[in-house]
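After this come two complexes, each holding subunit A, first together with subunit B and then together with subunit C.
On to the complex of A and B.
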């Protein structure tokens, strides 16, 4: 059995910041990541980030990951990193089980735990949606930006939120033709700066359209879309067909919450946070006192807020096990303030409402 | 299918790796996943569904969705989207649920 003060599950922006902040508070940290690289979703994001300066706005996602890894390095005496290790279970007695390299099992007993497992991509229901060539937007990003492999030659992008727009642009940077972007909503969900840039490059954006069906024998050959009326009912005769070998599905993410569910944390379905999320207090402590959470796993939002939540959870989980940072109160107030800043503004109205619902005072 | 020029990224590919997929020898690079190497070689169909035998490819590429399970070096149900390619690997399309040996 491995003993540690604080175990952090997930090495994305939330988990990395939690580790840095906990180490600054004097905790001994074990950071567990199932991949062989740290950085989570950041490692495939070649675009410059929005947000405010404190969370590295105007810096590319891949470079933010490097900045965080350098900071982690400064605390290497307090942080043990375990890569290629998937956490499989959390038990009532506080023991967690993990598997390294697919065949080595181990037990870990931390005094406290932060779950920062991120999110997974949603899917869309339509006939033949299982054909090869129909991929999640994050998958297409990983293939292109991490491995340098094109997903195909011609793409239909489904979803005009920020991720759909950004990945469309990245597809074009990789030399892939984007035939069109469609969205079931009557309005483009992503920022208009992204949308205009893409339209100027000649890609049409069809709003109020959804996928009718995919066609192909062994892999995608054709995608058919149709228009939705005001009641979101498809209009017969409005079909448009695209000869594409890739359909990129970008209809959002949902929290990866299995570990939180199995550990007995009180959970609730909160649509504004994109799924079933843990109830938590302002310290990001769940209803199981030694379990904290941060990032997309407690509500799908952004890397900027995931980082601040990570810092806050690392600070508070350390305090919970008796490692109080000398400037605990000031730091906590600053992080809470930063989160409020990120969640101000009209685009974040749904997040504010979701966060309010997930808060236990 | 490999990206040769990119305005932002430089792909410093690792050393060449030879592997086998259904009787053919293919080339990939050190550091890439089995699914990425297959895709670069034009292989999109990675498996078939258990009951209706419909073709399957990957979907999430981060090890969540189980759409990319294949038989690798005789071991079934390997998540090829997160498994790194190794010299001499033998990769096959899996029939059925696979057996634990």
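On to the complex of A and C.
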């Protein structure tokens, strides 16, 4: 049995920041990551981030990952990193079980735990959606930005949220033609500055359109879209056909919550946070007192807020086990203030509503 | 409308453009940040305190046309690539417009390329005047094109032969 003060599940933006913050508070941290690299989705993000200086605004995601890994290195005496390790279960006695390198099983007993498992992509149901060439946006980013492989030559992007818009832009930077971006909603969901920079490259954006079907024998050859009326019903005769070898589906994320569900903490379906999320207090502590959460696993939002949530959860989980940072109150107030800043605009109205519903005071 | 197409209306563009008198005096930024988002690197990167957002980082940036010298630093810092610099002091026929351009290959000074509007449609051939890509711009190069004045409010992008 491995004993540690604080275990953190997930080495993405929230988990990395939680580890740094907890180590700064004096906690001994075990950071568990199922992949062989840390950084989560940050390593695929070649665009500059929004936010303010405290959330590394104007720095590219991949460089933010480097900044966080350097900070992690500064605290290497307090942080043990366990990669290639998948957490399998959380039990009522506080023991977590994990598997390393696909065959080594282990038990870990932390005094406190932060679940920062992120989110998974939603997919879309339409005929032939299993044809080769139809990808989730995360897979396209992994191919292009991690492995340097073009996913194809002509792309239909499905989804005009920030991820769909950003990945479209990155595809064009990689020399891939984006034929169009479509979205079932009547308005573009992502930031308009992202939409405008793709539109001025000549890529049309079709709002109120969805995929009717994919066509191809061995792989995707054609994508047919059709228009939705005000009740989101498809309009026959409105079909448009695109000769594409790639369809990139970017229709949102949903929290990866299985471990939290298993741990017995109270969960609730909150549509504004994109799924079933843990109830938590302002310290990001769930209803199981030693379990905290941060990032998309407690509500799908931007990476900027995931990082701040991680810093806050690391600070508060450390305090929970008796490692109070000398500037605990100041730091906590600052993190809460940063989150309020990121969430106070019109684009974050749904987040404000969702956060309110998930708060247990 | 921009929420459906990504293309700002002429009214929106005119609303954020400095007047021609200011443009004719020398380079000045044009900030096309049409919707409130939580973001403020334009203001923190400006050495001349010419861009104001304030404590609420969701507010739209407010440019002081008097303080702005059109240095272009904010162009490379804006995550939305929403800023350009216009300079009408060089000629009565043309205006120099500087845009952020994150594609390869980069154009070369002297090259004639396609000038595009905010929908990506071709408007006119334009001549590249300057290409800056120092390390401090962090892989967001700035390209300056000389554009016929009648396209002052239309030009927003370039297209090279080699690119798609």
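As a working rule, the second predicted complex is superposed on the first by the 361 of 361 C-alpha atoms of A that agree within 3 Å, B and C clash if a C-alpha of one lies under 4 Å from a C-alpha of the other, contacts with A are read in each partner's own complex, and residues count from 1 in each chain.
We take it that a residue touches a chain if its C-beta (ideal position, glycine included) is under 8 Å from a C-beta of that chain, and two chains touch if they have at least 3 such contacts.
Model, not experiment: these values are computed from the prediction.
When both complexes are overlaid on subunit A, subunit B and subunit C end up sitting side by side without clashing. In the superposition on chain A, A:139 makes contact with subunit B only, while subunit C stays out of contact range.
With subunit A as vertex, the superposed Cα centres of subunit B and subunit C define an angle of 100 degrees, given in steps of 10.
In the superposition on chain A, contact of A:173 is made with both subunit B and subunit C. By the document's definition of touching, of the two partners only subunit B reaches A:149; subunit C does not.
Of the two partners, subunit B and subunit C, it is C that touches more residues of subunit A. When the two complexes are overlaid on their common chain A, residue A:57 makes contact with subunit C while staying clear of subunit B. The gap separating subunit B from subunit C in the superposed three-chain model is 5 Å, by closest C-alpha atoms. Taken together, the two complexes place residues 60, 173, 175 of subunit A in contact with subunit B and also with subunit C. The touching residues of subunit A, when paired with subunit C in their complex, are 47-53, 57-60, 172-173, 175-177, 186-188, 191-203, 205, 207, 304, 341-348. Contact residues of subunit B toward subunit A in the complex are 1-3, 5-9, 11, 13, 32-33, 36, 39-40, 44-46, 49, 54-65, 67, 81-82, 84.
Contact residues on subunit C toward subunit A in their complex (touch as defined above): 2-8, 32-41, 44-45, 56-58, 77-82, 102-104, 116-121, 138-140, 156-157, 159, 163-164. For subunit A in complex with subunit B, the residues that touch the partner chain are 34-36, 46, 60, 120-121, 123, 130-136, 138-139, 142-152, 173-175, 218-219, 256.
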